[in-house]
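Here it is: the structure, laid out below.
When the chains are written out, they are named A, B, C and D in that same order, and each has its own residue count from 1.
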Amino acid sequence: MGNDALFQTLLRLGDNTLILGHRVSEWCGKAPVLEEDIALANTALDLIGQTQMWLGYAAEVEGANRSADDLAMLRDVWDFRNILMVERPNLDFGHTMMRQFLFDAYHHALLGALARSTDPRIAEIAAKAVKEATYHLDRSAETVIALGDGTPVSHDKMQTALNLLWPYTGEMFESDDTDAALAAQGVIPDPASLREAWTATVQTTMAEATLDIPEDSFAHKGGRTGKQHTEHLGHLLTQMQWLQRAYPDARW
Amino acid sequence: DPDERAFQERINAGGKIEPKDWMPDGYRKNLIRQIGQHAHSEIVGQLPEGNWITRAPTLERKAILLAKVQDEAGHGLYLYCAAETLGITRDEMFEALHEGRMKYSSIFNYPTLTWADMGAVGWLVDGAAIMNQVPLQRTSYGPYARAMVRICKEESFHQRQGFDIMMKMCNGTDAQKKMAQDALNRMWFPSLMMFGPSDENSVHSEQSMAWKIKMNSNDELRQKFVDQTAPQAEYLGLTIPDETLKWNDKKGGYDFAEPDWNEFFDVLKGNGPCNQERLQTRKTAWEDGAWVRDGMLAHAAKKRAMKVAAE
Amino acid sequence: MGNDALFQTLLRLGDNTLILGHRVSEWCGKAPVLEEDIALANTALDLIGQTQMWLGYAAEVEGANRSADDLAMLRDVWDFRNILMVERPNLDFGHTMMRQFLFDAYHHALLGALARSTDPRIAEIAAKAVKEATYHLDRSAETVIALGDGTPVSHDKMQTALNLLWPYTGEMFESDDTDAALAAQGVIPDPASLREAWTATVQTTMAEATLDIPEDSFAHKGGRTGKQHTEHLGHLLTQMQWLQRAYPDARW
Amino acid sequence: DPDERAFQERINAGGKIEPKDWMPDGYRKNLIRQIGQHAHSEIVGQLPEGNWITRAPTLERKAILLAKVQDEAGHGLYLYCAAETLGITRDEMFEALHEGRMKYSSIFNYPTLTWADMGAVGWLVDGAAIMNQVPLQRTSYGPYARAMVRICKEESFHQRQGFDIMMKMCNGTDAQKKMAQDALNRMWFPSLMMFGPSDENSVHSEQSMAWKIKMNSNDELRQKFVDQTAPQAEYLGLTIPDETLKWNDKKGGYDFAEPDWNEFFDVLKGNGPCNQERLQTRKTAWEDGAWVRDGMLAHAAKKRAMKVAAE
């Protein structure tokens, strides 16, 4: 295992930020308020920046002469390790912000723990990223609260978004042998250990937002193992990767 | 009119007009039109570049492009704020845009078709914009002049990034060179149009010059742009799509062909390649976002009410 | 000129059917009525079949060892020669059917003339394709009439579609040196010569559909010369070409 | 009940029941449920394959796929017509689908993720469907049996096309082989689930068998499917993702692992990977298309009125 476990873990971290960053960037120029346009671009920018660090380190660990860009632009769906939630399409602004909040609450807890990783590179990247994640979480929580508590229409849209996304949250706390091995070495936290902090954040926020947390605990999975992504990821890759695929010998 | 005379004298002396100062109606109206149009251009200008964010070839290029588009939205924000000091709201300006009563720069009605267009937009479009904007840092209206100072700093950074993309393309594969040349072919004349028709044909020019809300003539700026850009194209190894372009020693500048002004007026009328789609994209964004704005306002009102009740 | 003019002309014919066929195929499983689902799939199928013939012949004429599939899957936007109208997104069903009608009325007239081409291959392909085009035209005209004449809502939607599409019709009758050269040899009709028949079909149909033909004669162009496509084509290609671009050495 | 006895005797004698014949309520209800579910499966079944039409790798593959999806819509049409002879309208069935009162085959709640899935769907999913459908050509209800005859002819053609795609993939590059194996890994157990749980656990089975609207037991068909498919997988050089799979000489068939029936019931409950999206796609199509159906009806009514007036 060893290096491969670390490589898989770094892909999981970097693919989450890559794919979510891509989704958020799709809003460019189309947000409901100018300030949101700026904030969404800023979030996407942070996430892409984190991707460069995670996938850059992943490429080093792999040692197969691939770059972060190669990993982003030249893998097919089955080699992606992001959770399913981040590849979901944006749908409306409410769905986008609810997805962002549910991810931020997890990401914030995860990065906080990773900042204490026994792997110094991971600790360093996480320490930088957790500051951004703190800001993202403040912002997405605030938006979820405002829209949940806003008008009856905005409340319904946010409740629908929460219901739709709920079955995609469980995958964040799933674990497998790779996680167990690295958690034992103190490289990463046990994913299950993040659930408590996440649940607390979600409960507080949803209470303020006057939204009901669904009771069903069914969880979609298959993203972080790569076993079965959604159909959306393949379509996202056609856009994201086209240029690199079409001009394989070019440098940009 | 003594007010008007004092106003003009203050401008002539290089003074700044501030929001609470007296100003002629025409000055106010012209400024709202000009700043509003400039703000709309920043917002609509996100779209042609946004078109390539999801297809950027590397993570770094994607990050640079995101940062740029974010800057543009920020410029829009500064400018809407500057215009608001003149007694119009941002929502009123959006409404005027959506109903076609206010314009945005026609250049954004051209499509971005290859990655090289991201270079050409930065190099040519931002380049032309800077030509227009640098002198406006000295414009007579204080809030506008100050917004321009911030904007110009970032724009020249964008222009260098655009030129950097062009360099990469021109030093790249044959296909990349072809992309770069194709982008220049499509964007050259539309860039020249960005300065507007000759001032002889312009309604607002003379008064605007006196008020110092326009600092140079259109032809003057266009000449300056060509003189700056032609050597850069040569340096890149690209051919400007104008067979008549050549250095004129006597005038100390380039001779060059005028753009097709019929095309310019067509685009202005709404017949550019992307007018319908650009405006529709903005209208759809605005309409789809109505429930979000309403929700946010309602929440803010509830919070205020609770705060009052608690006091 | 010679071969290159013929090559360009065949690309114009084949790219029109390729791109429109692609757009129509996007409806799969999502049409308003089951019978329309079947009819749209059938139209797309005919258009893709015609594409195989046109681009197959184009590849032969080029003599550069490229196949019809290479031409479809491995060119970038600038090398496409379809008119702008066919690359427009589907928008709603009304827009899709109006686009289809405006194209069918042209395509029918064009193929009728091409069936008398002095180039026997072109004549042969056109003779086969014109039968399909006749059926397409009957069907799309019928739908345009039904929806134009239907309810006030459907009438408005069809009028909006017609207004939106009108500036894209002029390009069908544009011509350049390539056209002139081949028209002189009787290989193709002069594009301008097709306008009369097209206008007659459009006028009759719109009268029955109670729709007003716009008066503005402004025409977008740049597709059939490749000078300036719309932004939509590039996005369409990311989907259409991704698999071939991603796996250049595979055979399917 | 003499009616019921005569009805059952007719079926036992191999006779066909036709729309105007007397039939028990349960027979009618069961058939509507079964034929309707089958029709919905054809319609929803367009979506996973439709997902790859715009990404088909060659013009020929695109044409074949389009033709296949068109056939499926056609099958849907035959089946809705067959169900309508039992006194329910197509719109009522759509409504029941959209409200979750009627189902479609759970297999279509799995995603299609690579081009190899287009092969695997044809090979495995159509293969399993044919196992179910061939005996139904002899079902007791005439319109249903006749629809099945037409459908089976086309389905076996589709299955061969699917196998042909798998052949190409398995004889292709390493990446193609990997795609093919990955598709088999994901689709094997869901395909086995297509026959339903063991009949011991099935509510409708016994009566349906007596009425000849179900011709074989689920386990029987599943065994037949495995026996047919295992050698095909071997021929393709693919490994079925079941370590327990092996030939059993004594029973003259393969031993194999049961699918995870918890997953089956999860998917049935709405928790499959694509349930929400498949149903939403259909509902959106139906709602977005309302104005079209209304317009067409209004036009048809006007035409009828004019015809009447002219007579």
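The rule we apply is simple: contacts are C-beta pairs under 8 Å (C-beta built on N, C-alpha and C of every residue); 3 or more make two chains touch, one makes a residue touch a chain.
From a predicted model like this one, the values you see are computed outputs, not experimental measurements.
Enquirer: Treat touching chains as neighbours and tell me the shortest step distance from subunit A to subunit D.
Expert: Contact-graph shortest path, subunit A to subunit D, evaluates to 1.
Enquirer: Please state whether C-D or B-C has more C-beta contact pairs across its interface.
Expert: Pair with the higher count of C-beta contacts: C-D.
Enquirer: Could you tell me which chain lies farthest from subunit A when each chain's centre is the average position of its Cα atoms?
Expert: Checked the centroid distances; the maximum from subunit A is C.
Enquirer: CA centre of subunit B versus CA centre of subunit C: separation in Å?
Expert: Computed value for the inter-centroid distance: 36 Å.
Enquirer: Let me have the rounded angstrom distance from the C-alpha centre of subunit A over to the C-alpha centre of subunit C, please.
Expert: Result: the chain centres lie 42 Å from each other.
Enquirer: Need the CA-centroid distance for the pair subunit B / subunit D, whole Å please.
Expert: Between these chains, centre-to-centre, one finds 57 Å.
Enquirer: Quick one: which residues in subunit B touch 2 or more of the other chains?
Expert: Residue numbers touching two or more other chains: 55, 175.
Enquirer: What are the residues of subunit C that contact at least two other chains?
Expert: 76, 238-239, 242
Enquirer: In graph terms, nodes being chains and edges touches, is this line, ring, star, complete or other?
Expert: Other.
Enquirer: Return all touching chain pairs.
Expert: Every pair of chains in contact is listed here: A-B, A-C, A-D, B-C, C-D.
Enquirer: Could you list, by residue number, the parts of subunit D that touch subunit C in their complex?
Expert: Per the touch definition, subunit D meets subunit C at residues 43-44, 46-47, 50, 53-63, 66-67, 69-70, 73-74, 76-77, 80, 90, 115, 165, 168, 172-173, 175-176, 281-282, 284-286, 288-300, 302.
Enquirer: What does subunit A use to touch subunit D in their complex?
Expert: 76-78, 164, 167, 218, 220, 222, 227-231, 233-234, 238
Enquirer: Subunit A touches which residues of subunit D in the complex?
Expert: 48, 51, 55, 111-114, 175, 178, 182, 186, 266, 271, 273-274, 276-277
Enquirer: Under the stated contact criterion, what part of subunit A meets subunit B in this complex?
Expert: Contact set of subunit A toward subunit B: 18, 22, 25-26, 28-38, 41-42, 44-45, 48-49, 51-52, 55, 68-69, 72-73, 92-94, 145-147, 149-151, 153-155, 157, 239-240, 242-244, 247, 249-252.
Enquirer: Which bits of subunit C are touching subunit A when the two form their complex?
Expert: Touch list, subunit C to subunit A: 76, 235, 237-239, 241-242, 245-246, 248.
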